[in-house]
Amino acid sequence: MQNNTNRSYYLVPYFGWMMLFVIAPLVLVIYFSLFDLHGNFSFINYQNFFTSVYLKLTLSSFWYAFLITAFTLAIAYPTAYWLTKTKHKQLWLLLIIIPSWINLLLKTYAFIGIFGVKGPLNKLFESMGIGTQQILYTDFSFIFVSVYIFIPFMILPIFNSLDKMNPTLIDAARDLGSSTWTTFTKVIFPLTINGVKSGIQAVFIPSLSLFMITRLIAGNKVITLGTAIEQQFLVTRNWGMGSTIAVFLIMFMVIIMILTGQKDKGALSNEQIK
Amino acid sequence: MNRSSKLSKVYLALVFIILYTPIFYLIFYSFNSGGTMSSFKSFSLEHYKAVFADTRLIMILINTIIIALLSALISTAIGVIGAIGIVYLKNRKSRNALLSLNNVLIVSPDVIIGASFLILFTMVGVKLGFASVLISHIAFSVPIVVIMVLPKLQEMSSTLIDAALDLGASKREVLSRVIIPYIKPGIFAGFFLALTYSLDDFAVTFFVTGNGFTTLSVEIYSMARAGITLTINALSGLLFIVTLLLVLGYYFVTNRTKNPLRTGVPK
Amino acid sequence: MTDNTIIRFENVTKSYDSATPVLNNVSFEIERGKFYTLLGPSGCGKTTILRLIAGFMEPTSGDIYFNGNKINHVPANERQVNTVFQDYALFPHLNVFENIAFGLRIKKLKKEEITRRVLEALKFVNLEGYENREIVEMSGGQKQRVAIARAIVNDPEVILLDEPLSALDLKLRTEMQYELRELQQRLGKTFIFVTHDQEEALAMSDEIFVMNAGVIQQSGTPMDIYDEPINRFVADFIGESNIVPGVMIADYRVQFGGKDFECADKGLSPNEKVDIVIRPEDLEITTVDRGKMTVKVDTQLFRGVHYELSTFDKDGNEWLVHSTKKAAVGEEIGLDFDPEAIHVMRLNETEEEFDKRLESYGEENHAK
């Protein structure tokens, strides 16, 4: 593999892909955000974004994303932890992942039935004497379905980092006198923080941009940045404003990625096991 | 010890029940002779019959599969080449830069991919429909293939290539006889993942498809917005079986090829 | 250069970046049919030489000749050499048979010919019946043999071995040392063996090149190098040794540790500063009054075959002694040794000058 020059033509499709579908779309989104509805160059879209309507929307989008991520993490971490303790952990993990391969639309659609006025959940409520509740089109149903969808994506990275962790480290911590709880807070959790971070990444960013679930489950009551973009592009046909929101979403995404960036502390200790 | 392990079992069981309930709920009602997802009248296959009788739905199904297969195939080819290109890049900095660019589409929200591709296709003048959907699916699958193939390439000891050259193999033979066979599990994984991403995609397709061309996800979306139809349940039953078959097929293929993790290096 | 020369390095330098070269102006010749060892600490350039011969890299300057032809730019896949790699580099996706057949398949030999030669090679490395095994099913020692078979099956003129025994445990390593040596003699091919293990080098080689910091320090037979190390580095690297500073008083007289001793060296300028080497096994424990030197025992370890004593003389020089006799820690003992046990090393002597000096002793002995 000495001279790169005579092999580089192999790379044309890949670099072509990169130029056309990574760089060009980014540039186009930024470019379009600088034009108003009538195709004139202006910063009007950016001015609009800083009005109360969009700021409120951004804030509520972040709030929902935060709730979804927090609940997902709270459910996923113990699941991942206990999964690593099971006998056939890889098989169980596979069983956790399979639902994530079922079409997203179908899973969402199932909840329209489950949460429906005549659905099984309401039947349960009735038999308990609580009476029929409006579950669909509420914050609860939106967050519940989102958490349901994202759970496998949070479990997977946490499971992997737990699984890679050198088990003698736990023995060492116990040996040095730490309790189960301190072992968890001082050893296990810090060593799996990278898995948690990737999990947060995998949940928080998509949560900001959900639009299908908001439409089907939250019935337009919840508006996220993603819904706003879809609205601007496909309903109002204001590509400029849509692109501007997209630019901000990309910026938020980059900030989140930097915040949850890996410092490779845990990875180092994993390397040493080999 | 016992108490906590019991607790953990209950907890895990609960998570599994929650994860699978909606799926089995859907499939269960697909056999309902009634028209709702709330009261089960009697067992019937009428909704399945309805799926197969609906030629439009069947066409959409075929379209979806064609898009998935084609996009997975093409993106695998491009992705494998890209991964090899990245790994054998001498300069560390440009290698990292390439990798970051590669991952942009993986971390980007679907909405942004869809919206920006919509702009791109409109600017370039690609008619929205089969072509734009196929190209989009290829585009967002390429980085996934790269990510699946890269670890295999990285774990491959460079002495294997030296050994092949040493034994007289030309560069082309090194590629075809050593590198490709070695990373085959990664290639399969990439292909299957690209396949599932394409089958599963809703948001990007929703943005870049035009009138007259739909994939299953988009069709289910418009059906679901209109309300409950048990045809969707029958579809989910079918898709569940297809997904299971894919998973099983994938595991059969990857477990049959030997585990390349255990190379000649004794630990 | 003789007809027997198969590989020749002429002023070969290899540097990666601008910094210090990994190989600094190295010249040597390799003769057909001998077992060579490149010995040195990690980073000394021994593997670089191997990779240059194999064709995995090109020299920055200087020339490499193979059978008299310059091969600087001949790619690895067109060279008449095969390598046994440190990690064996066996292809995990191919079984034992296909691994060994790899080179023959590239050459597009006939099927029967391939089968015949692979089975023959397997027999050669005592692995008959293993052809259908997967690589992961083989033990370390067996993988080692497969790697060797994969190299010899191509009938190369030179076989390069890059620390092939380093991953094996001690017992297996010793076994493989015998086997490799025997294999080389049966095949009659040139083996170039890289190692950092001096015992391995001494046991197996016809010729050893001791390397340090990108330069060949000394080359010669194992006996030559062990008995007459050229400098402090070689003496220290090959076996355990006591190295102390001394002064050459006159021919056959050397001073160290505050005393004059009779020695076997001459031809150095009077009062020249030198390094003195005495091997621990050449020192004999005796009483203080009978010893040539008096030392105090600091520690004593039982090593199985012998005791290893660390002792100090009055000047504070440490003297390591290997002896079957025991001493008491803290006790003063005498050390006795032959004049021939004293090896005098001039400071900064080149290999050429060193060889000339040694030769001159030889001539004198003949004259006597």
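Think of it as A, B and C in the order they're written, each chain with its own count starting at 1.
Going forward, a contact is a pair of C-beta atoms (placed from the backbone, for glycine too) under 8 Å apart; a residue touches a chain by one contact, two chains touch by 3 or more.
Note that the structure is predicted; figures quoted are calculated from it, not measured.
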If every step must land on a chain the current one touches, say how few steps get you from chain A to chain C. 2
A-B versus B-C: which interface comes out with more C-beta contact pairs? A-B
Chain A to chain C, mean C-alpha position gap in Å, rounds to 59
Chain centres from averaged Cα atoms put chain A and chain B apart, in whole Å, by 17
For chain B and chain C, let me know how many angstrom lie between their CA-based centres, rounded off. 55
Any chance you could list the residues of chain C touching two or more other chains? 75
Touch list for chain A against partner chain B, complex: 1, 4, 7, 10-11, 13-14, 17-18, 20-26, 28-29, 32, 75, 78-79, 82-83, 85-86, 92, 94-96, 98-99, 101-114, 116, 118-120, 123, 148, 151-152, 201, 205-206, 208-209, 211-212, 215-216, 225-226, 229-230, 233-234, 239, 242-243, 246, 249-250, 253, 257, 274
Could you pull out which chain B residues touch chain C in their complex? 157, 159-160, 162-170, 173, 177-178, 181-182, 184, 257-260, 262-266
Residues of chain B touching chain A in their complex? 5, 8, 11-12, 15-16, 18-23, 25-26, 29, 36-39, 77-79, 81-82, 84-85, 88-90, 98, 101-102, 104-105, 107-113, 115-120, 123, 138-140, 142, 161, 171, 196, 199-200, 202-203, 206-207, 216-217, 220-221, 224-225, 228, 232, 235-236, 239-240, 243-244, 246-247, 251, 267
Flag every residue of chain C that touches chain B in the complex, lowest number first. 54-56, 75-78, 81-83, 85-94, 102-103, 106-107, 134-136, 140, 143, 147, 150, 154, 167
